[in-house]
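Here the chain labels run A, B and C in written order, and each chain numbers its own residues starting at 1.
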Amino acid sequence: MEEKVKDIGTDEQQEYIINIGPQHPSTHGVMRLVVSLKGETVKNVEPHLGYIHRGIEKMCESLTYPQIIHLTDRMDYLAAHMNNEVVCLAVEKALEIEIPDRVKVIRTLMSELTRIQSHELFWASYGMDLGGQTCYFYGLRDREMVLDIFEETTGGRMIVSYNCPGGVMYDLHPNFQKRVKEFLKHFRKVLPEYDDILTNNVIFHERTVGIGPLSLKDAISYGITGPSGRASGFSCDVRKHEPYSAYDRVNFNEVLYTEGDAFHRYLARVEEMRESMNIIDQLIDNIPEGPYAVKMKPVIKLPEGEYYQRVETPRGELGVFIISDGNKTPYRVHFRTPNFANLSVLNHLVKGFKIADLISIFGSFDYVIPDIDR
Amino acid sequence: MRSIINYLKDIFLGVRSLLKGMKVTSKYFWSPSSIVTEKYPENRKTLVMLERSKGEVIMPHNDKNEHHCNGCGICQINCPNGSIEVISKIIDTEDGKKKKIIDRHIYNLGQCTFCGLCVKTCPSNALAFSTKFEHAVFNKALLIKVLNKPGSQLMKGVEQ
Amino acid sequence: MLTSFGIINYLSAQSVPWWKVFYDFTSLTKNIDAGLHNAMSPFWTIMTEMVIIGVLFLLFYAVVGLFLVYAERKVCAFIQNRLGPNRVGPFGIFQTVADLIKLLFKELIPIKNADHFLFNLAPYFVIIVNFMVLAAIPYALGLHAIDLNIGIFYVIAVSSMSVIGVLLAGWSSNSKYSLLGAMRSGAQIVSYELSVGLALATVVILAGSMQLSVIIEAQRTGWFIFKGHIPAVIAFVIYIIAGTAETNRGPFDLAEAESELTAGYHTEYSGIKFAFFYLAEFINMFIVASIAATVFFGGWMPLHFGADNGFNRIMDFIPPVIWFFAKTFFLIWVIMLFKWTFPRLRIDQLLTLEWKYLLPINIVNLLIMAFIVLMGWHF
């Protein structure tokens, strides 16, 4: 069955504990939620993590810097390109190398395409979680076009491994511009249909408006970044506050709302898709010529010290912290992943809502579980 | 009175939003040209894979059965999880000098993570990605492949 | 053998072409009846006729059930831009047969602490109720098994008994979560029956009788959805919404939903008993659609506007059987579209919809319809 229903215990207040088990269609990964209910209202949710812990941070201690990249792909696999980018940016910042313009623009374009496809998958699976199963197929149909763009340039669809310290691994494919423009044209035509099916639907409003409101104070104190935090009014977009790559030369709006309920978290992501399309529009026609990578030494050794770099992934702020002691492998690598912080607020938000709302709130934060466990 | 008007307006707007949603789905129902399913095993002949797709790592040989690999082992050093093992041997050349050439280049497809470092860092461009993606086998030992074909030799002019 | 003898007798005795039978089945049925009476005593005639009708309905149930399961998967697939079953048989038409064979092979797991008698009885409740309702529906001119003078009342009353099957299934499974699911389903079905009943009562006012054949005859000059304009349209919309909620389908399927918890009243059933519940859900959908087709869209009556004129005669070319099934399958398509387009409603929102929205509108609509009929403002 879909959930492992285990009657762990009952107590005298007619409270019982059920298990939304590790395998479940709507937990987007392997996560165990131990929910204690009173009637239909949720009193406490305890997430149990670690089912997909692979020891990525420890593995990085025995790999050289170019070899770390392929492991980061697999942390938040929907934002694979940004995970690669953050490690490359940290290494480049530590070595103080100057990156060519072409590399910056390529990285920005790929990041924004990654953001679109990740929010697309969020839209698809959120619709499916709430019961409108056609949303899944419409979302994935359009995401295929982005994955084809990735495959043509990098060779991989979801696990791209495209960045490397000093630049990117291959130059853009000659068809890249044409395909991206086709995709933008198709997607702009199709996005109003998504609004018709889900965003303006009265049943969807009933399921998400007013559910799980996150106040601005809570968002700041729990560290909720990304569209989930911006829906509560927390202006935390790393692309605006600490621009990296080519973000300082494009104009875009930071999508902020104040209500902070599940509906506005959803709406923030849909609006971000539109903003990403604007960014791509501004960059796609003037990709500067030049080298696509800087010649690096065969063995990269970072000077001793601690380095931190952050990027904006579709789920929030991803940061990498590298302690180097001068060798070719780092001493310690730590990733500050957005999903880990976003998960901490789940218990606080769900108290008092019904069990069906738990699915709605869980889905609106758009967790990717391997990112939590690493 | 105001509440009755709001009530009726709510109902009207709700029903209208539902009808709009149904219009989109029925539009897709009536257009079979929007079906995106690819009938996979039947369309193998016309299937076009994109040229840079990472299917597996191969060592391209030209029609004289020559390759570029000189057994330096840089790919083995760079592979993050040990999927490549380069076994080289020492032979005598015509000049009487001893030269190291590649004996077997063993590649473990089952363990490869397709990071592309071996392809990128090879100094003689001996390795490349091929687009063949049908690798399913029943015996894991079949996934350990020897990349240099028997009887092949190093192409003339490739540096050491 | 005797009946076929009767048919051949009839056809060879008259010079009527064979295809006329499809326009009016009464001649065929009367002749079979006469043939049987000639051969046996009245008691055995009735017995034989009942057995024949029972077997026909069993076949109908099975065939329509299989067809609807296949149709649901194909409709769902086309909406979602994909192909659906397409490998088992040409265009996948034998997919349901393959699924049925698989279900027949499954082990019927007996639950240790469950109430065995009720556990085994529950599926039969829903099936028998479905048969009883199927018998009352007019499929074509002359193909009407029981033409009661309280037709609609009978249909509503009998279909309410299916809730007993649901509750029995949940209770006898001896599982907390089956019981919860069954309670929710039961509450949902019982609430929406009110709306179904009142919506149908609205049409009864327009028609003036509860007998289904009289209702269809009254639509000879135009379907009720055109004749009783505003209140009939509102009644139709309410009936369709309440009908899908009755069958636990569409946006109202929280009790058996996949991504929510409590898995529903039929969790503990496996194999053929589960197949019974599953088929019963589809036949329920067929019943809802066919009753809507009968009272709102004229049943087997072709589309007529006004009294006898050229347009009506063109419409009469298509046999009534085809009209009936076309209307029913169109409404089934609409119900399937509901399920695959909309997200799910939460259980309290479901009940709010019924008690705070559908019921008041229904009552007001009933008054409006009564007023319109009194003043003669319908067509």
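By definition in this document, a contact is a pair of C-beta atoms (placed from the backbone, for glycine too) under 8 Å apart; a residue touches a chain by one contact, two chains touch by 3 or more.
What you see is a predicted model; the values in this text were computed from it and never measured.
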- If we define chain centres by averaging CA atoms, which chain lands farthest from subunit C? Would you check? B
- Determine the chain that sits nearest the middle of the structure, using the mean of its CA atoms as its centre. A
- So which one's got more C-beta contacts, A-C or B-C? A-C
- subunit A-subunit B separation of Cα centroids, rounded to whole Å: 24
- Note on the structure: Cα centre of subunit A to Cα centre of subunit C, whole Å, reads 47
- Just give me the whole-number Å value for how far the CA centre of subunit B lies from that of subunit C. 53
- Message: Where in subunit C do residues touch two or more of the other chains?
- Response: 79-82, 340-342
- Note on the structure: Among subunit B residues, those touching two or more other chains are 18, 21, 24-25, 36
- Note on the structure: Residues of subunit A that touch at least two other chains are 134, 141, 197-198, 201, 203
- Tell me, which parts of subunit B touch subunit A in their complex? 13-14, 17-18, 20-21, 23-25, 36, 50-54, 78, 80, 113-117, 120-121, 129
- Task: Sort out for me which residues of subunit B touch subunit C in the complex.
- Result: 11, 15, 18, 21-22, 24-26, 28-29, 32, 34-37, 39
- Item | subunit B-touching residues of subunit C, taken from the complex the two chains share | 75, 78-83, 237, 337-338, 340-342, 357, 361
- Query: Which residues of subunit C touch subunit A in the complex?
  - Reply: 79-82, 176-177, 251, 253-254, 257-261, 263, 267, 340-349
- Note on the structure: Residue positions on subunit A within touch of subunit B in the complex are 63, 66-67, 69-71, 134, 141, 144, 148, 151-156, 159, 161, 164, 169-170, 173, 193, 196-198, 200-203, 298
